[in-house]
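Here it is, the structure, as structure tokens.
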Amino acid sequence: MTPALSVRGLSKSFDALKVSDAITFDLAEGEIHAIIGPNGAGKTTLIHQLSGSLAPDAGRILLGGEDITRLSMAARARRGLARSFQITSILPGFTALENVALAVQARSGSSFRFLRPAASERALNEAAAAALAAAGLCGTEGRIAGTLSHGEKRQLEIAIALAMQPKVLLLDEPLAGTGHRESAALLQLIAGLKGRLSIVLIEHDMEAVFALADRISVLVYGRVIATGRPEAIRADAEVRAAYLGDEEES
Amino acid sequence: ESIKVGVVMTLSGSAAVLGEQGRDGFLLALEELGGRIGGLEAEVVVVDDELKPDVAVNRARELVESHKVDVVIGAMYSNVQMAITGPLTEAGVFVLSPNPGPSALAGAGCNPNFFAVSYQNDQPDEVVGAYVSDKAARVFLIAPNYQAGKDHLTGFKRTYTGEVAEELYVPLDQMDYSAELAQIAAAAPDAVYAFMPGGLGVNFVRQYRQAGLEAIPFYSTFTVDEVTLPAQKKDAVGFYSGGDWAPDLDTDKNRAFVAAFEAKYDRVPASYAAHAYDAAYLLDAAVTAVGGDLSDKDALRRALKAADFESVRGEFAFGPNHFPLQDFYVTQVAERPDGKFQTQIVEKVLEKPVDAYAAECPMK
Amino acid sequence: MFLRLQGIIAGYGGSQVLAGIDLGLGAGEAVALLGRNGMGKTTTVRTIFGLLRPTSGRIEVAGRDLTGAPPFVIARAGLGLVPEGRQIFPTLSVEENLVATARGPGPWDLAKVYALFPRLAERKRHGGSQLSGGEQQMLAIGRALMTNPRLLVLDEATEGLAPLIRSEIWDCLGRLRAEGLAILVIDKNIGALSRLVDRHVVIERGRLVWQGSSADLAAEPRVRERFLHV
Amino acid sequence: MRPLSSDRVMAGLLLLLLPMPAVFAALGEPFLTVVLTRALIFAIAALSLDLILGFGAMVSFGHAAYLGIGAYAAGILAANGITGLEWQVPVALAAAGVFALVTGAISLRTRGVHFIMITLAFGQMAYFLMSSLSAFGGDDGMTLAARSTLFGAEPFNGTLRFFYTTLALLAALWLGLRAVTRSRFGRVLAGTRENEIRMQAIGFSPFAYRLTAYALSGMIAALAGVLLANHAAFVSPSYMGWARSGEMIAMVVLGGMGTLTGPVLGALAFILSEEALARFTTHWRLPFGAAVVLAVLFTRGGLLGALKGRGRE
Amino acid sequence: MTNLLILQGLNGLQFGILLFLVAAGLTLVFGVMDVINLAHGSQYMVGAYLAAAFAGLTGSFLLGLLCAVPLALAFGLILERLVIRRLYDRSHLDQVLVTFGLMLMLNEGVRLLWGSAPISVEMPEALSGSIPIWGNLRYPVYRLAILAAGLGVAAALWWAIHRTRMGMLLRAGASNRAMVSALGTDINRLFLLVFGAGAMLAGFAGAMMVPVVSAEPDMGDTVLILTFVVIVIGGIGSIRGAFVAALLVGLVDTLGRTFGPILLRSLMEPDAASQTGRTLAPMLIYILMAAILAVRPAGLFPVQR
């Protein structure tokens, strides 16, 4: 079976700094693949390259077998690649519902329609409201996104990504900044997606990672130093030294 | 019984200096006439055209429709003149221009209700061109880069018989001419001919002097006049200009005009003021001739055409295209004993020339 | 009391967020501010720093009434801020970020901060906007320390940090505390907080609904359940 | 009082404008209708600018060029004996559209102040081009040979007819643009204003939407240009200079950008107060400038914002 | 021909330096404080008028200059306190509009005070005349003085912004005022000083130019547009960019005007060449700007955001 996403020899440097060093991995259909690593290891940079906001220096990216290395961000999104941003990126002047409705609109029909008011398209609104609810944002539909609290904005990011109904979802620290209840809910949400779509998950919350991931890759200084099942990674001495430490958190 | 006169001048922005001269010249004459024109009480409406043609058209139409003016004195710049003359004359209003005499209104486009009290735009240049022909064999020409600039240099070349060393056009908003002056120095011509009106002239003349080029004779039109001289001062002394009038023109009427103007406004009048002043007396004479009856437009037109008034310029008559037949002089800047500066007549160059476009005008 | 809030009511535009907060913090004391998303923790911090003007209530720092004072006056009274969302200066290099607002006298200088975060030393010539999320977080903490505050306010300062770094920061905060620095901290890691602070304060819909020691919190699962959903 | 919505303000405004010619006539100042017509023409231009400025965050500092393109289309065709709007308007729209597509494709690579300046550059190029073409009067401009006609009818003949033609067009364009800004297209446009990266990440290529809006806006401004040429019966490069573009931005922002109604208010306030002040003093720029400064400092969201704020109290 | 080339090169540099003097203030206020100030050109004009007025009173240009510069500073400080301060948390467009209103007021204000006619000032005796620079090539002393002053200001500014803590604070404040303030800096006072400095630079440039070009209303408008072109080509907020771009614009404009027609004449008919030259000359710097922005959308030296 062709993997949902495969990455071959992806390399990227900023001046002398090698942030992606021949990264190769496969994301199997329906799996959650976590990428962990110290701060500045190149995780977000990798997501940027996968989603198309940054061009790699070398290497190839295949989405469902199709080479998308040269495609624009928008074209990749239309082919079913969605992402969330580590640093919240929403439309601050739109309501929460409109934020999500735009994502629905992007995948349903042409947007070169000039006369019919978008706010009255029931299909858009219903799908958007469902995505908001799934992300735990019931009741915020009419609020201006810029005035949501930090945690609420993080949830909105997820809702937007979900509304795109992607085949592959790239999540960059989705739990950062969310409270306990919200992160528990999100955890459940992501777990529920397992099998239906394929997810690349970046997260520093180890509890979540070990609970969710089917496989984990460890990125250090742009290189994948280990890939394997969660138990194996947790036990890996090199990983403990570079990243995990001996911390036991509640 | 009254006569309504609209005065359309550029009165805001830096181009307002000319407009203020025109307005003041007209108002001075009106004051001398006791506020009456041809015996009628004169109601005067002064409007600012802002040097924007579309604004000018609006203000002009307002003069017609709201104020019901009979006559308009204006404008000061050719582009405004072109914009307002059509709408005004179509409404039956007489237009007396105190400065612009665009070729489009002198030739095939001449207009029965339009009278240029000044000159055809090209004439001052033709005068200087003719004069320079036997003074300098190679002349360097410079003008701002717009239609009027091109027209003025064309006027000069029409009568100049020598060789043109170079023809240079500079942007209208330029203030520093070091590059052009370097080119003049490099070309080493026998003379320079410049059409650099208003503020352009102030900077150009002063920098010309600063660059040490005064050994090359400087001829011009609208570049050194009573509007620019207060800023140019000594730097312009000895520079030449050409025109139909100068403050020292030797007629009784002119002496009285200059004295009255200086007494009232404490500055030397320029030709713009002189023409507007003449326009008032022209109008006064014409209205008197028709006995104050403004309803008979044809009679009034004939009376204006007759130009039976005492001009500051001495002998004055209109040609068939309603442009003046008058003498033209070359003038030179001099410092007066009272420390002010003015242009003074050097030589009468052309006697009552007919402008180059008059022949195309269908009016007889 | 080094910092005292009395009856603070504040909000954005028409909507009220804080509905009367009373909070005191002694010199050298460490307090955790807890509460779910959107309950007003950050708003409290913004009000303390004068970034948001309360509609009523009083703010005292070291005995001085600083209600309505501009932020820089409050900061100079000895408060250091690690804001939510990092807010480092993107157009400055890492080192400039640290130096620009530095103030003495005090224990913190460049060398100390670099010793705490070696990663920053490696990237000191780089622009702030080029840093990774976690690096920016380190920079924000370092920047606040460089003002040598008497009270350090951290709003989700460990968000996005790798576990190893995170535990280093908790250790470091513990040491700072021991040296007498007062700390007001917002974080979701209750375990680490409990080891650090004397007192926990829970905010719910803009009001203080519970406070107590770490032991109290540990002993009252209902509080954790009801207000924090742990 | 209920808060005033933008729509209600516009409806009220139209109702207020409708009887104005009769009012002016009764006051014995029928000419004011002509002045008001000019203000309405600029309201159309401001409306067009609001589409890209208010909804797309594209601050064009060269928008006067489109006004000029429309005016010259009417002027040049009329000079060649083609007075029918059925010809003039398509030519004006096509010329403006082509100019917008070409310059827009280049300008849209930039953002923010750079966009302001690159559109200024293209506007100035158009201005200098028309200034130097002596065939069309160069700097002096050209007189409109004849008022435009529409299939033989004369919509611009007579003050009243001109006024109501312009008012109707303004109302129609306002309605049309209101629909456009609320449509799917309008949402995408506003979304790219808010956060371009986010829009790309959900699958939109902002460029095509921006360029479409830019061209549409230029074409509507050209329409205003056709009207302006007929109103002044004169066409001049001075319609296209940067100062004009700046005034158009001022109208939009003064009125309240991104609201469609605001720019209409702004244009009326701008032109009418200029006209009014100029009647009192040639130094009208001084009080006018002061009024602009105070209006912006003490209102948020422009004049429309101020009106709405009042309605809420 | 070589002589002319050198001479025009110098003229271009001098023009560029002048543009830089004005642009530096604009890019400071814009890049550092994130305020678009359309009244900046009017501050240049105010400097020129002040110098002209005081030179007229005292009879000496140097005294006039000495009076004009501190007054231009004071003028900037007052403007900041009264108006600009209220614009910091407003959108760029609100700033554009308010400063556009200020520009109208200032232009009309000087006309009210000094009339519409240009006012000129005598060149100081010591700096008039020219000195030999290359063979028999001479160059006016005063223009060399402008060159030197501009270079001095450029160096001082670069140092102040990139090498002092105040510079860092300014750049920090530009991106996040609230944060700078919350970390203990009185950002308002800092911005007051910057705006004053910008106004002073513009006023200084105006005062320096007044012996060469006379003071007249609206003289700031052209300069304003040109300086905007300069800072945008250079990359907003970058002193280095403003410097390079100013010289580039100065050289392209001056050399293009002189040698463009010569070049064109070798390519086409003289008549067509002169027509094309006349059409292209005023567009030159706009074409330059459009070309640069088309290739580098954020200018030559974009400041990282």
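Note that the chains are named A, B, C, D and E in the order they appear, and that numbering of residues resets to 1 at the start of each chain.
We take it that a residue touches a chain if its C-beta (ideal position, glycine included) is under 8 Å from a C-beta of that chain, and two chains touch if they have at least 3 such contacts.
Computed from a prediction, not measured in an experiment: that's the story for all the values here.
Enquirer: Which chains, if any, touch chain A and chain B both?
Expert: D
Enquirer: Could you work out how many touching-chain steps separate chain A from chain E at minimum?
Expert: Step count on the best path from chain A to chain E: 2.
Enquirer: Relative to chain E, which chain has the most distant C-alpha mean position?
Expert: A
Enquirer: From the C-alpha centres, identify the chain that is farthest from chain C.
Expert: Following the centroid criterion, the farthest chain would be B.
Enquirer: So which has more C-beta pairs touching, C-E or D-E?
Expert: D-E
Enquirer: Measure off the straight-line distance from the CA centroid of chain B to the CA centroid of chain C, and report it in whole Å.
Expert: Averaging C-alpha atoms per chain gives centres 75 Å apart.
Enquirer: If you average the CA atoms of chain A and of chain D, how far apart do the two points sit, in angstrom?
Expert: The separation of the two C-alpha centroids amounts to 44 Å.
Enquirer: Where the centres are mean C-alpha positions, what is the separation of chain A from chain C, in Å?
Expert: From the centre of chain A to the centre of chain C is 29 Å.
Enquirer: Using mean CA coordinates as chain centres, what's the gap between chain B and chain E in Å?
Expert: Those two chain centres are 35 Å apart.
Enquirer: Two or more other chains touching the same residue: where does that happen in chain D?
Expert: In chain D, residues 131-132, 283, 285 touch at least two other chains, as defined above.
Enquirer: What positions in chain C touch 2 or more of the other chains?
Expert: 130
Enquirer: Going through chain A residue by residue, note those that touch at least 2 other chains and give them in order.
Expert: Answer for chain A, listing residues that touch two or more other chains: there are none.
Enquirer: Chain pairs that touch, all of them, please.
Expert: A-C, A-D, B-D, B-E, C-E, D-E
Enquirer: In the complex of these two chains, what residues of chain B are touching chain E?
Expert: 12-17, 20, 145, 150, 167, 169-176, 178-180, 182-183, 186, 199, 202-203, 206-207, 210-212, 227-228, 230-233
Enquirer: Touching chain C in the complex: which residues of chain E?
Expert: 165, 168-169, 171-172, 174-176, 178-188, 237, 303-305
Enquirer: How about chain E: which of its residues touch chain B in the complex?
Expert: Going through chain E, the ones touching chain B are 3-4, 7-8, 11-12, 14-15, 18, 107-108, 111, 115-120, 123, 128-130, 140, 142-143, 209, 212-214, 216-219, 221-222, 254, 257-258, 274, 277-278, 281-282.
Enquirer: Under the definition above, what is the set of chain D residues touching chain E in their complex?
Expert: 53, 59, 106-107, 109-114, 117-118, 120-122, 124-125, 128-129, 131-133, 242-243, 246, 249-250, 253-254, 257, 283, 285-286, 288-293, 296-297
Enquirer: For chain E, which residues are in contact with chain D within the complex?
Expert: It comes out as residues 30, 36, 83, 86, 90, 92-94, 96-98, 100-105, 107-109, 111-112, 221, 225, 228-229, 232, 236, 275, 278-279, 282-283, 286-287, 289-290, 293-294, 297-299.
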